[in-house]
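Handing you this structure, nothing more for now.
Letters A, B, C and D mark the chains in the order given here, with residues in each chain numbered from 1 onward.
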Amino acid sequence: MRISSFLYSIRQGLKNIRRNLLFSLASIGTIVSCLFLFGIFYCIIVNFKSAMTDLKNTVTISVFFDEGISDENINLIGEQIRLRSEVNTMDFISADEAWEDYAKKRYKDNYDAAMASFAGDNPLKNSASYEITMNDLSNQAEFVNYLSSLDGVRKVSTSEVTADGIQALSSVVGYASIGIIAILLFVSIFLISNTITIGITVRKEEIAIMKLIGATNFFVRAPFIVEGVVIGLVGSLIPLGLVWLVYDRVVSYVVGRFNVISNNFAFVSIGEMFKVLIPISAAIGIGLGLIGSILTTRKHLKV
Amino acid sequence: MIVLDHVKYKYPGGKKYALNDINIDIKPGEFVFIVGSSGSGKTSLIKLLLKEMEPTSGHLKVAGVDYNKLKRKNIPKLRRRIGVVFQNFRLLKDRTVYENVAFAQRVVETPSRFIRRQVPAMLTLVGLADKYKSYPKQLSGGEQQRVALARALVNKPELLLADEPTGNLDPKNSWEIMRLLEDINRKGTTVVVVTHNKEIVNMMQKRVITLKKGEIISDEQKGGYIDED
Amino acid sequence: MIVLDHVKYKYPGGKKYALNDINIDIKPGEFVFIVGSSGSGKTSLIKLLLKEMEPTSGHLKVAGVDYNKLKRKNIPKLRRRIGVVFQNFRLLKDRTVYENVAFAQRVVETPSRFIRRQVPAMLTLVGLADKYKSYPKQLSGGEQQRVALARALVNKPELLLADEPTGNLDPKNSWEIMRLLEDINRKGTTVVVVTHNKEIVNMMQKRVITLKKGEIISDEQKGGYIDED
Amino acid sequence: MRISSFLYSIRQGLKNIRRNLLFSLASIGTIVSCLFLFGIFYCIIVNFKSAMTDLKNTVTISVFFDEGISDENINLIGEQIRLRSEVNTMDFISADEAWEDYAKKRYKDNYDAAMASFAGDNPLKNSASYEITMNDLSNQAEFVNYLSSLDGVRKVSTSEVTADGIQALSSVVGYASIGIIAILLFVSIFLISNTITIGITVRKEEIAIMKLIGATNFFVRAPFIVEGVVIGLVGSLIPLGLVWLVYDRVVSYVVGRFNVISNNFAFVSIGEMFKVLIPISAAIGIGLGLIGSILTTRKHLKV
């Protein structure tokens, strides 16, 4: 293929977009709408999942030790536990730390006086513990059993109900997310290829004429492909921009307005989200533009 | 140049053969009129020659290419050697007159500098030099027809198939077009013209093939228009 | 029936007037040919008569209706009194031949029992009785043209505007159509035919209006086809 | 208009659907997709809101009375409170009921024995209270102040943090719902009218021919309107069916699988949901079919 034919194809593809402006705008509109919806729901879902994870991490298991246990043994137990795959994070809270925490909460303003009055005599001296968060809350019961069975462990405390509830909610949200994302992807692909099919069907006669004059399939198709890719590109950039804007606004509104939320929950950063959204949008937008134009022209090329 | 050997064609769903046992042998450099009443199968014949459709049975050979052996991917190559004027013009309706004619050249990958010279020359020849920027729907019927002709001729094809190229033209323009075709024919192009123009057929004294209900009822050198009954 | 008074028309964006200072007076019952070379403005004239477009200046009166005073909502009523054959046929491409012709009758709310009788009769008259189930793209050029004619005539209009109604027809069919038009004219319909067919114009000895570059250069009773230079 | 013309319009409209099958299917597909998405999200949102309301109702305010207060005074206080617009529900828990509840929880299996041992001597005899749930948790602090200021009220107990959190979450979900529903409606209307516009633009020439033959606007338009309404009707029935199916499946799956959820939360019945979904779907589907075909044909009718 000559370089001039190549350039011609690109020029024609761009011209076609203007010539079939109605169709081009419709296609871009469809892609924008679908990817925008997709982006918005992706953001919602990612944040929900992240909130779930935050919540899970507040469900800690505390492991307390036999009275008078040596620091060495505590370390041994700690190493044993750390090897388990269920462990997400594990912190050692010494008896002094536990007392300090407690006193801070209990005595608030009189904290210093309280500490002074108990000076050197920690009322919680047997309350050193490991605070563990789990990777997967569904194995909690089993894991607690294991922990209780360890030598030197006096008590394992946890709040079973909360863990169950969060676990269930998290599963439901997980399945729902997959369901929604699947539905949105499916609908997007359907709608976009729909528009492309209609658009190219309208130009069936045009394609037939070109073929009858002796144009190769490639020559007929190239401008359509350029057109499809450009429409796909524009159609996937706009919703990314829109999602960015909307997300930014919503997050700063919510953070500003509801400090209960901002205190307990950190929104996933837009950059994090875009690591996934950009490739998916590009794949759907440009990919469908490309594949759609190839597939639908093919049907009409048999002249 | 064109050999048809017992060619039959029936449209899908059709009851009768649109073309029935057609045998034609046209030598390179000939100028042939194909005439016949409305619905006698002239356009169907052109469609077969252009491989727009396949014969139901029989053999076709055009420009040395046996159509029964022609692979799909080689069809474009064949068509580039043929210039066609369709009965209903078939112009690209979202391109200007200039682009419609230039398209035929782009298809054969003519360098741009030649396109820029040859297209205006061709448009001048058919009398449309000042309409090059118009879109097909901004043209009169006869003007559209001449654009179609310009597109068919611009590549100087080996074979020209013209289906009713003067149907929308006044006698003066028709004669000019005919002279243009004769001229091209003299330069080596084989010309096949479908027409209803009795006067032109009778005056030009060329070979005339007459169809009737899908069959050849006459094929004469220096023939005339045969009025039925 | 038709009065044009200093009518001018310029297409939007066009440089020259497609019609320039046209004055015509056609009486009810007349049979008029309009001739002229390609691009001389014949189709533009038909479009004005059908109120497909508005004159740039001047007055038009058709069938007693002053177009300058005609309200938009009354246009359909006017058009129903006119039968038209368009140069490019303009058939409804997703309806059969029967439905295309019947459509003109449905528009004027002809009762179904009349439609079922009159449409086949009309199709027989133009020689397409056996094609009534076909779609336009399954017809030859001449067959499509005859469907367009059948559609224009089926309502027995007061005025018939036919733009090149024999451009795709062989001489025999052309003459049959012309005889049909004469017949209808005798029954009272005013007939205006745009044509390039010199033989027919010369033979029929009707009024001939000749256009050239948008102007009337001749308007003769029992006229003939005027060859330019 | 003759009756035969009327019937003709209907017949033509139906025929057009078959003739332009690609376009009809595309339109129906678009409407189905949009309304399906809309339906699914409507279900999710309604259930979320209902869960929020359930949650709000678990946040009760307990009003306890001065010791030795007469039943009469308690009634007077009750009547006063009941007049306040903040009150959603209000129950009187007598001292005996409070004791019974407490004993049931505390002593479980030995309930009968416990009740017997305290017979006649209610250890919670000052614990009669009004249990109040609020319409709008955001005014809780103010309302609690008001309650505390009432004569004869000894103590008003509540859990302020929970209320705040739920209130914030509920607001966010509320705004998000409105936002999502608005976006979905907007996108749906855009996509559907898009498809209709393309479909009718393709038939511009057909419309022009009809007009030039003398058809009135109404005559040209009627089949398009029939077509639009039928497509809209089909397009709005299918997603309703789909939503019904999906909702039914998901609810029974979730209820069967996660009893934490089914114990604490009742799904909104599909019937309840369809009271809103049916009219909205019908309005969008048929309405857009109708208005879309009227508006887009209008543009081409000026011949």
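Note that a contact is a pair of C-beta atoms (placed from the backbone, for glycine too) under 8 Å apart; a residue touches a chain by one contact, two chains touch by 3 or more.
Predicted model, so just to flag it, every value in this text is computed and none were measured.
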Practice problem: Tell me which chains count as touching both chain A and chain C. | Solution: B, D
Quiz item: From the centre of chain D, which chain's CA centre is farthest?
Solution: B
Practice problem: Please compute the C-alpha centroid of chain A, do the same for chain B, then give the distance between them in whole Å. | Solution: 62
Self-check item: Centre-to-centre distance between chain D and chain B (centres being mean Cα positions), rounded to whole Å
Solution: 68
Quiz prompt | Whole-Å gap between the CA centroids of chain B and chain C | solution = 28
Quiz item: Which residues does chain B have that touch at least 2 chains other than itself?
Solution: none
Quiz item: On chain D, where are the residues touching two or more other chains?
Solution: none
Quiz item: Viewed as a graph of touching chains, is the assembly arranged as a line, ring, star, complete set, or other?
Solution: ring
Practice problem: By the touch definition up top, name every chain pair that qualifies. | Solution: A-B, A-D, B-C, C-D
Exercise. Over in the complex, which chain B residues touch chain A? Could you list them?
Key: 50, 52, 76-80, 82, 84, 86, 90-94, 103-104, 106-109, 111-112, 151
Quiz item: So in the complex, which bits of chain A are touching chain B?
Solution: 1-2, 4-5, 8, 16, 19-20, 205-206, 209-217, 219, 303
Quiz prompt | Contacting residues of chain D [partner chain A, same complex] | solution = 22-23, 26, 29-30, 33, 36-37, 40, 44, 164-165, 167-169, 171-172, 176, 179-180, 183-184, 187, 190-191, 194-195, 197-199, 201-202, 250, 254, 257-258, 260-261, 264
Self-check item: Residues of chain B touching chain C in the complex
Solution: 11, 35-39, 42-43, 87-88, 138-143, 145-146, 164, 167-174, 196, 198-199, 225, 227-229
